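Each of the next two complexes has chain A plus one other chain: chain B in the first, chain C in the second.
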Partner chain A sequence: MIPHAPILAVFLPLLAAFVLPLVSLLERRYKIPLAKEWVSAIFVIAEVMVVFSVFPDAKSSVVAYQLGGWAPPLGIVLAIDALSALAALIIVTVGALVFIYSFIYMRRESGVEHYYALLFLLLGGCVGVVFTGDIFNFYVFFEIMSIASYALVAFRRHLWGIEAAIKYLIVGSLGTSFILLGIVFLYGRFGTLTMANIMELMGQVAARDLVIPLTCFLVGIGIKVAMVPFHFWLPDAYQGAPSPVSAFFSGATATVGVYAIARIVYVLFGAASVGSLLVVLGLITMVVGALMALVQRDLKRLLAYSGISQMGYVLVGLGLGTALGIQGALFHIFNNAVYKTLLFMLVGAVIWRVGTSRMDELGGLWKNMPITAFMFLLGSLAIAGIPPLNGFASKWMIYLAGIEYGGWGYVVTAIALIVSALTLAYFLKALSSVFLGQRPSHLANVKEPPAAMLLPAMVLAVLCVVFGVLPQLGVDLVEPAQRAISDLNGYIVGVMGG
Partner chain B sequence: MSINYAVAMMLVGLGLYCLVVKRNLIKLVIGLSVITDGIHLLLISIGYRSGGIPPIVTSAYMDNLEGFAARAVDPVPQALVLTSIVISVCVLALALSLAIYAYRHYGTLDVRKLRRLRE
Partner chain C sequence: MADSVVFGPGFWGPIIATASMLLIAGAGYLLILASRRISPRRPTSEKLTTYACGEDVSPSQTRPDAEFFFSPIRRVFRPFYRYIGAKHTGELSLYVWWVLIGALVLVVLTAHGLGVL
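What follows is the complex of A and B.
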């Protein structure tokens, strides 16, 4: 591990967000070409190295980093267990690829330095949420992440960006208010903010006293992951945001949401009994997302609804609560980050070349953009769970977890299978209306996007195949995280000391 | 003391009511702000102690630290509320700037009229 890696992982993106506008000033004054892109790239690479260096340490034991050397109940700690490390790994990988993609995609926009600064804030917020061991810091980083997201959705300041950002802001702030309210109740009850310390004291209060704070957290985080009663902001936000931002949201921010559910509900509250509620909500989320995706006419909206639907699988896997179910859910969130980011990047490539993502205005682009089209096919098959791609591996684990559960677990598996078929249906529809069929005459001269834009997508496409052919790699990746979720005592001892 | 909790919960309730019922963007932003204020009041009340003293150890208390600990108010909620106020100012500023843009684009602040996306 690089010395002080935990705090560096949080600090570097925040520093980058501060530095970039200054760099941009210098760039303009002294006419240095591409200075802000280079600075961003250096910061991103440093961030990736720092997070990857934490990963091996956190896999076996909890890395507790005391800020200023103050011991946990009084001081603030960053506590990184295998679950945090896995989430951070997904976030920085997606983040780095999105940055590379943005260098080309955002070239035509003005004020790009603010875009990069906001993206770094978002990255820093995400990493902060997964690394912190302090419940109030959790809220602060959650807000940093949220505020950066609202601003990014509205970045282009066109009609639908503004409209989406307003909806997202109102609903999202309501969600974070609920999280804050939950934290206030917890503080009033336990008088401490360190998560491990709260977990130690958790046994001393009656379960019914914890219902209200737990509900507050569930509502707040449910809004963030777009669980079904709270999902309506998400398609607007994904459609209104620039494509790389949508890619980042669907890969990294969604991962943070799932991390928050696992961390708060399972680890902090130790409330495995909420599982059946999560399964029901997950099933509804899955079905509603898929049905809504079927009727969409805009490609980005379709992807957004399919993202809601995929989140349902993760919730179901987490809710089943068995080792296999949780492993399946964590593997699925990893896979979801891979193919969802891939698909949004490809849709972004189409928008970048053609200028629209409305499916009835597109068609026959396979001849013009064969590489993009092929990767879109790959991503669609992966998300629909067709073997031998990665989506199949994780969905298979969730199906098996349902059957293993017995009783109503069979129903869960059956519904999950049907939704998987629906997923294939709407992705084939999308594929045929964008890349196959009649090509409108004005699209005859459309070319492949530049290589620097295709490169990050290719990395993700290769990951789709690798984790599909060798699912054991993925299981090895998520297995320590699953053990971290069930080993509450290990977390407490790791943070508070023996 | 308990009146603080009651008022705090009432503020949160009023804010939620405003978010559900009102359709004007500015009023929605006010609703959000009222909810946050309610939570802040709740938080600060948790750390309050009637007849308490500031949580700063002066020379007068150096030989009587137990007595100090028994009377000092809890400083943590105050720090939390300060942090949270800063955050909520950021959110409000962003929300109002978005409202300005929305008014420029649509000529109205009625959120029911902001529905270009569904088409």
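What follows is the complex of A and C.
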């Protein structure tokens, strides 16, 4: 591990967010071409290296980093176990690819230095949420992440983007207020903010005293992961945001939400008994998302609803609570990050070339954009759970977990299978509407986007195939995280000491 | 309960399954090529023209409506679209109501889950 890697992983993106406006000033004054892009690239590469260096250590034990040398519970501690490391790995990988994609996609926009600064703030907030071992810092980083998100949705200052950002701001603030309220209840009860310390004391409290704080967290995080009925903000926000931002939201921010559910419900509260609640909410989320996606006219809204639906699978896997179910859920969130980021990048490529994401105005683009179209086909098949792509492997694990559970687990598997068929249906509609059929005459001269925009998408498309053909790689990747969720004592000892 | 799932090795391991799928897809493509050889395409201008009721139809008019692309599925789930789909109006006040109603329902369900109710 790189020395001080845990704090560097949080500090580097925040530093970048403040350095970039200065770099932009120098770029304008001294006419240095692409200075902010180069500086962004350097910071992103450094961030990826730092987070990847933590992963091997965190896989086997909890990496506890005490800020200022103050031991918990007095001091603030960054606590990185395999679950945090997996989430951070997904976040920085998606983040790095989105940055590369943005270098071309955003060059037509003005005020790009603010865009990169906000994206770094978002990245820093995400990494902070998954690395912190302190519940109040969890809230602070959650707010940093959320505020950066609101600003990014409104970045283009289009009417619909601003409207979506205001809706997201109000609903998101309601969510973070619920989280803060939950923290207040916990602090009032336990007198500490260190998660491991709260876990130690949790056994001394009657279950009825945990109902309100746990509900507050579930609502707050439920809004972030767009669990039905807290999902309404998401399609507007994804549609209003620039495509790279939507890609980041669907890949990285969604991962943070799932991490938060696993960390708070299973690890902090040790409340595996609410698993059946998560399964029910997951099933509703899965079905509502799929049925709404089926009737969308706009590609980005379709992808947004499909993201809601996929989150349902993750909630179901987590809620089943078995080793297989949790592994399936974690593998699915990894896969979801891969193909949803890919699909948003490809839709962004279409918008970049054509100027619209309305399916009724598109068609026949396979001839013009064969690489984009082929990758969209791959992503669509992956998200629908068609073998031999990665979505199949994680969905298969969730199906098996349902069957293994027995009883109503069979019903869960049956619904999940039907929703997979619906997913295939609406992605075939998207593929047919955008890339097949007759091409409107005004689209005759449309070309592929530049290679630098296609490259990150290609990386993700390759991952779809690799983790589909070699799914054991994915299982091996998520297995330590699943063990970390189950090993509450290991987390407490790792943070608080023997 | 299983600790994990093992994908392959074995006859239905992922690599064998992938190779089989590619093989079948390749065989299917060869069949298509063979069928074209046996029965070659003979396009005429009339065959290539899209028309309806004796009138030529332009490409933009031949497109299916994206919202009604799967109208049979819409009909099957009509109650959903009438009562739940219709609530996705974009109105902020409605979103906030749903959050509050959802929070109240979650309190009850969480209490039940924790064995309090």
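One rule holds for everything that comes next: the second predicted complex is superposed on the first by the 498 of 498 C-alpha atoms of A that agree within 3 Å, B and C clash if a C-alpha of one lies under 4 Å from a C-alpha of the other, contacts with A are read in each partner's own complex, and residues count from 1 in each chain.
Everything below uses one rule, namely that a contact is a pair of C-beta atoms (placed from the backbone, for glycine too) under 8 Å apart; a residue touches a chain by one contact, two chains touch by 3 or more.
Note that the structure is a prediction, hence the values are computed from the model and not measured.
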{"item": "When chain B and chain C are modelled together on chain A, clash or fit", "value": "fit"}
{"item": "Chain B versus chain C as contact partner of A:193, first or second or both or neither", "value": "first"}
{"item": "Contacts of A:211 with chain B and chain C, given as first, second, both or neither", "value": "second"}
{"item": "First, second, both or neither for A:169, with chain B first and chain C second", "value": "first"}
{"item": "Touching partner for A:236 - first (chain B), second (chain C), both, neither", "value": "both"}
{"item": "Once both complexes are placed on the shared chain, angle at chain A toward chain B and chain C, C-alpha, multiple of 10 degrees", "value": "120"}
{"item": "Between chain B and chain C, more extensive residue contact with chain A", "value": "C"}
{"item": "Touched partner set for A:136, first chain B, second chain C, both or neither", "value": "first"}
{"item": "Which superposed partner A:154 touches (first chain B, second chain C, both, neither)", "value": "first"}
{"item": "Which of chain B and chain C A:387 touches, first, second, both or neither", "value": "second"}
{"item": "First, second, both or neither for A:181, with chain B first and chain C second", "value": "first"}
{"item": "First (chain B), second (chain C), both or neither touched by A:429", "value": "second"}
{"item": "Closest approach of chain C to chain B (Cα atoms, Å)", "value": "5"}
{"item": "Chain B and chain C footprints on chain A, overlapping residues", "value": "166-167, 170, 174, 235-236"}
{"item": "Footprint of chain A on chain C - complex, ascending", "value": "1-8, 14-15, 17-18, 21, 50, 59-60, 62-70, 73-74, 77, 80-81, 84-85, 88, 90, 92, 94-96, 98-99, 101-103, 106-107, 109-116"}
{"item": "Residue ranges of chain A in contact with chain C within the complex", "value": "166-167, 170-171, 174-175, 178, 207-208, 210-212, 214-215, 218-219, 222-223, 229-230, 232-233, 235-236, 271, 273-277, 280, 288, 291-292, 294-297, 322-324, 327, 358-360, 363-364, 387-388, 393, 396-397, 400, 404, 422, 425-426, 429, 432-433, 437-441, 468-472, 475, 479"}
{"item": "Residue numbers on chain A that touch chain B, as the complex places them", "value": "136, 139-140, 143, 147, 150-151, 154, 157, 159-160, 162-167, 169-170, 173-174, 177, 180-181, 184, 187-188, 191, 193, 235-236, 239-240"}
{"item": "Residues on chain B engaged by chain A in the complex (per definition of touch)", "value": "12, 19, 25, 28-29, 32, 35-36, 39, 42-43, 46, 74, 76-77, 80, 83-84, 87, 90-91, 94-95, 98-99, 101-102, 105-106, 111, 114-117"}
